[in-house]
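Take this structure first; my questions come after.
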Amino acid sequence: MIRVQSEDFDFGAEIKALSRDNHQIGGLCSFVGLVRDIHPDAENQAMTLEHYPGMTEKMLEEIEQEAQTRWPLEASLIIHRFGRLEPGDQIVLVATASRHREAAFESCHFLMDWLKTKAPFWKLEEVDGKGEWVEARDSDDKATRKWQQ
Amino acid sequence: MIRVQSEDFDFGAEIKALSRDNHQIGGLCSFVGLVRDIHPDAENQAMTLEHYPGMTEKMLEEIEQEAQTRWPLEASLIIHRFGRLEPGDQIVLVATASRHREAAFESCHFLMDWLKTKAPFWKLEEVDGKGEWVEARDSDDKATRKWQQ
Amino acid sequence: MKLLYFAWVKDRIGLSEETVSLPEQVTTISELLDWLSSRGENYASAINEGKTVRIAVNQNYAPEDRSITDGDEIALFPPVTGG
Amino acid sequence: MKLLYFAWVKDRIGLSEETVSLPEQVTTISELLDWLSSRGENYASAINEGKTVRIAVNQNYAPEDRSITDGDEIALFPPVTGG
């Protein structure tokens, strides 16, 4: 399941709903990305996530589908927020559940790595009123490529 | 932080407490191990976890310390239950938080792999009144060794 | 043809979207980029910046030699930075 | 010396713990295992089962050549299966 939304999400409730009543699940791995306080001296800082409505959902669904093809998953969930966020806010949740722990760990890691380089989101950092687009990192491309070998 | 307990834990609340007020955290990875329904035809099945009080806490602390030495972690948590559990019940929670996602993913995976072969717990499977000790798996030893290379 | 711009591509061009009629000789993404660049300094700076602009055709990533037609939705944007 | 047994080692020996006085010639874990095995079929079957029994001395894993003394807490148990 994928969701793209501006509202916050309840991590604990989402995870509980994901595994509820499925007693085939032996391991559930999850990852939450949070907005970091990278300018502790700034009076105001925020992160605005722009996205491409339509394509975002399409890409997240493709990524999730790819994970389900590669690993035997009992359940999976991607939630990605857009809009204005502040330090400490949740940005993204990825969770995968499988019979065994290796599949859960690997597929969750895979989903985050792929999402980072394929899902059309862009971060605008605002510090004391000045906005700057975050640059893509080479390390993210490398992280994606390791799943293609 | 480590905890060994017979009581259940509230996954969402534990994770929230782990990251609360630390705005240096950019990624939080967590894993929950659950009791699987491996005998769907059985009328009764349960899993009883025996452990070695004292040594368990000592090993979990050593494992957590090792993860903190290897990765720059902002927070970490291991909760492991003992006693009688039923399908769907939570057995173990491992969570790590770091500035960056790679450290969070790797350290969480490491903690689970090491815990599996070092923490003195033993699972007794009970199916319709008959109990059998679960055998250690070679794949768990292999999973631990990959972190020693 | 519907054109969409995101992040700093949008900021430089000064538009988030527009609808254009393609000249007859523009049949691939590569030709579209050249044609757009010729429309003004704002387009040229957005498109030629270090060759990093990414293209999606009908919401799928597409290479520069991909053929396009007037009915397509084309998006231009920087490398993504979500997650 | 305090001896602790867990899981199927405990089931086979029929005890979860006991306190023993070490004979003088028993100074290593390896010698302890031999001595315990000689105490009865229950010990022998628990200890010699495929050589898989693990040993902890004072709550740390220890190899069989490790020296031991009367004040130690020694635990015998199968490979662990938690998590």
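To keep things simple, chains are lettered A, B, C and D as they appear, and every chain counts its residues starting from 1.
Just so we're on the same page, a contact is a pair of C-beta atoms (placed from the backbone, for glycine too) under 8 Å apart; a residue touches a chain by one contact, two chains touch by 3 or more.
Just so we're clear, the structure is a prediction, and the values are computed from it rather than from any experiment.
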* How would the remaining chains group if chain B were removed from the picture, with no chain shifted? -> A, C | D
* Structure fact -> Averaging C-alpha coordinates per chain, one finds the centres of chain A and chain B separated by a number of Å equal to 23
* chain B-chain C separation of Cα centroids, rounded to whole Å -> 49
* Approximate Å spacing (C-alpha centroids) for the pair chain C, chain D -> 73
* Where chain A and chain C are represented by their mean Cα positions, the distance between them in whole Å -> 26
* So which stretches of chain D touch two or more other chains? -> 83
* Asked: When you check chain A against every other chain, which residues touch at least two of them?
  -> 33, 101, 112
* Touching pairs of chains, which are they? -> A-B, A-C, B-D
* Asked: How about chain D: which of its residues touch chain B in the complex?
  -> 4, 6-8, 11, 52, 56, 59-61, 75, 77-83
* Contact footprint of chain D on chain B as seen in their complex -> 33, 49-52, 54-55, 58, 80, 91-92, 112, 115-124, 133-137
* Asked: Hey, which residues of chain B end up touching chain A in the complex?
  -> 10-13, 15-16, 19, 21, 23-37, 87-88, 99, 101-102, 104-105, 108-109, 112, 139, 143
